[in-house]
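One chain, subunit A, appears in both complexes that follow, with subunit B as partner in the first and subunit C in the second.
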Partner chain A sequence: MGGLSVEQQGDILHLGVDGELTQQVVPAIRKQCDKLLEIGVFTHLVVDLSGVPFIDSSGIGLLVSINSRLKGGGKHMLLYRPSDQAVKTLDLVQLLDFFTIIHTEDELLTVVGS
Partner chain B sequence: MKQQPVKFTFCTRAEAQACRALVKGIVQVVSQWIVRQQLLDDLDLLLTEACANAVRHAYPPDSPGCVEIAVKLLPGKAVVCSISDWGEGFRQCPLDLQKPIPLCPPEAESGRGLYIISNLVDKFAILQKDNKNTLRVTINLGSEAWAASA
Partner chain C sequence: MTAGNEHLRPEGVPMPWYLEHHFDPDFDHMHLKPRETESGKVDHYNLGYAQNVVHGQLLAELKEVSQEETAGLDSRYVYEKPVLPCGPNCAIDPANSHAIVAAANGYVFYNEGLITVKKMLNVRRDVDFHTGNVVFVNDIAVHGSVRTGFEVHGNNVLVKGVIEGARIHARGALASETGVKGQKSAQLYAAKAIRLPFCENAQLRTHGNVMIDTSCLHTDVYVSGSLVVKERLQGGTVYTSGLVYVMEQLGGGQGTPTQFVMGYDPFLFSKLRDVEASIKNLKSKVDSLETLCAKSPEHRTEFSPLKNEASRKLQAMHRIRTEIWEKFDAQDVPPGCRILVPGKVRPGVEISIGRAFLKVNDYLEDVRFCLENEEIVIHSPAVDK
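Let's look at the complex of A and B:
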């Protein structure tokens, strides 16, 4: 089972997820995210999914939940470098356009810069 | 020479960690017969979703029962998976299989599991006999998806 890494650069909060994002780990990750989102001062949350080889509907539900919470507070969430499996699964449930998905560092700099 | 069907049946506790480990093992076993990676990825996801449903709905949280996954490989033709529990499951959430499983709104934080399963398979059925609840799915696979020795 993986974990979370957190790094802040200015107004950008980077959240690195390591390992599968499934029913098994979602409750614990949700608790950690709740704390971060409560105390964090940021405009953009970048969720780095490059270390997530597999995501199921529980993991997707967590991402939706975080996204909704941030939108309500006028903040933005970006999904960064999702795996092929994550992209296929998000496509299957028609959420590719729901999230802002970034695949490269240049794209990321462009989006958060704007 | 006509290839014989291959059958496996596995059981584990209806707990997230146990089920995920079992599904990964099943996919590893099936990969000896099925060479198309996309199909193996689909199998991984649909079995994970089916087990997650059982973990979430079949039994009381403090007394997880058994989840059974039966896999039948029909070389050159199809894969049939049956995911069963002996809890309440679908009795509490009856489904109308005459209609496609709807997709929940994008803002929904849950409820995508059955939709995912139904969109990864060619046939989808729910069976209830005695206390056993079974989700049975079939994926049709042409000969190109199977290992040459299958």
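Let's look at the complex of A and C:
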């Protein structure tokens, strides 16, 4: 089962996901995320996917629902260092552009700094 | 499916089945209500207009339950037989014959008793406090207007009414049937193309082309492809590396500068502007923290780490700015980068193409501006017959 780690840096909430993001773990992670998003005070949510080797449609569905919720509320979600498999899957379901994807700290700084 | 004694079927009594949903089956976009957050604030903009789902996403699954367990379950979804209400754009999960998955990106809802996914989102009213911001994974048609302060995010986006001071983000094309009255705050982005009947007081950004059927007034345009304005282009700044075609009139009005910055990737300008803003903010932060650090050794101990972090970020932003400038230097002005005006050009229009600059001081007609030998030259006619 994948785990979540949370760290707040100013207006940025870092959410680290560890393990596969699949149908089996999505309901539990969704619950945790719902709570975090409800109480969190931030402008940018950085979801670190570097520890996620595999993501399925339900995992993408979770990311879509978080991103929709944040966009709707005028906040920003960034996917940080997704694996090639995750990028490929996002591309396959034509949702690569639905997310802001960043690969380096400089990119993160540019996006968040702006 | 039977795991223990509690799931064994008594003689002649079928075990019930429960359809567990992975979306809200009672969701009703017609009666959205703002939610109060933990902080006590009420968010009127984030109402969750559509339940987005992704191709392949699990929507519902049948689970065998005991008679006792049914007491705590929603009786509408307790069945005597394993029935899957699989509607349009849904499919049985190939890995689990008791599960329904989405067969397309769209929004999910119950239609005539069947779980249904719709690929096109029709918002049959204005986007306003009744709908909140609309964020959708596929194409959107807004049948009304998009009111000031609201946002629409979708793939291809069509707005039938007026786009006011709103933000629209289209991952495909953006079109409007009425036009944009941007109130100096509209920000419209489309990855592929933008087509509008008219536009005023807005910012347009696209990697494709922009077509305005009448006039484009006081609007900043970042366009990687071509900009075509069929009537008047007046006020604002156009950043483009492509062709600009203005049929009736370019410029006009005292104190209304119309500027062109051409020959470079327009999105680099946009990025540079963001980086400059960050540098300004970080500089100010570093200065404030330095002042605090100078107050006493205790202050220094407390604020030094913050100052060092801000300084590190500032250095990184300087490096990013240098990289952007290097990209500008490395770019050649594309040969198609020019302005064609079969109609009139008013004095006051400022044009830069690459490093060359020209300010129009006369009334001109049927001309084209292009770069020749590092200078902007004016030729007539605009289009060779």
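Annotations
Heads up, the rule we're going with is that the second predicted complex is superposed on the first by the 114 of 114 C-alpha atoms of A that agree within 3 Å, B and C clash if a C-alpha of one lies under 4 Å from a C-alpha of the other, contacts with A are read in each partner's own complex, and residues count from 1 in each chain.
Definition applied: a contact is a pair of C-beta atoms (placed from the backbone, for glycine too) under 8 Å apart; a residue touches a chain by one contact, two chains touch by 3 or more.
Here the structure is a predicted model, which is why all the values come from computation and not from measurement.
With subunit A as the common reference, the superposed partners subunit B and subunit C clash.
In the superposed pair of complexes, A:V41 makes contact with subunit C only, with no contact to subunit B.
Once the two complexes are laid over each other on the shared chain, residue contacts for A:V64 go to subunit B and to subunit C alike.
Contacts of A:F98 after superposition: both subunit B and subunit C are touched. For subunit A, the partner with contacts to more residues, out of subunit B and subunit C, is C.
Looking at the shared chain after the overlay, A:F54 reaches subunit B, while subunit C stays out of its contact range. Residue contacts after overlaying the shared chain place A:K88 against subunit B, while subunit C stays out of touching range. When both complexes are overlaid on chain A, the residue A:Q24 reaches subunit B alone and has no touch with subunit C. The clash between subunit C and subunit B in the overlaid arrangement falls on one stretch of those listed (6-14, 96-104, 168-176 or 276-284), that is 96-104. Shared interface residues of subunit A (contacting subunit B in one complex, subunit C in the other): 23, 56-58, 60-61, 64-65, 68, 93-95, 98. For subunit A in complex with subunit C, the residues that touch the partner chain are 23, 27, 38-39, 41, 56-58, 60-61, 64-65, 67-69, 71-74, 93-95, 97-98, 105-106, 109-110, 113-114. On subunit B, the positions that touch subunit A within their shared complex are 16-17, 20, 41, 44-45, 48-49, 52, 55-56, 103, 106-113, 115-116, 119-120.
Interface residues of subunit C, counted against subunit A in their complex, comprise 22, 37-39, 43, 45-50, 52-58, 101-102, 105, 132-137, 151, 153, 155, 171, 191, 271, 274-275, 277-278, 281-282, 313, 316-317, 319-320.
Here subunit A touches subunit B in the complex through residues 20, 22-24, 54, 56-58, 60-62, 64-65, 68, 85, 88-89, 92-95, 98, going by the rule given at the top.
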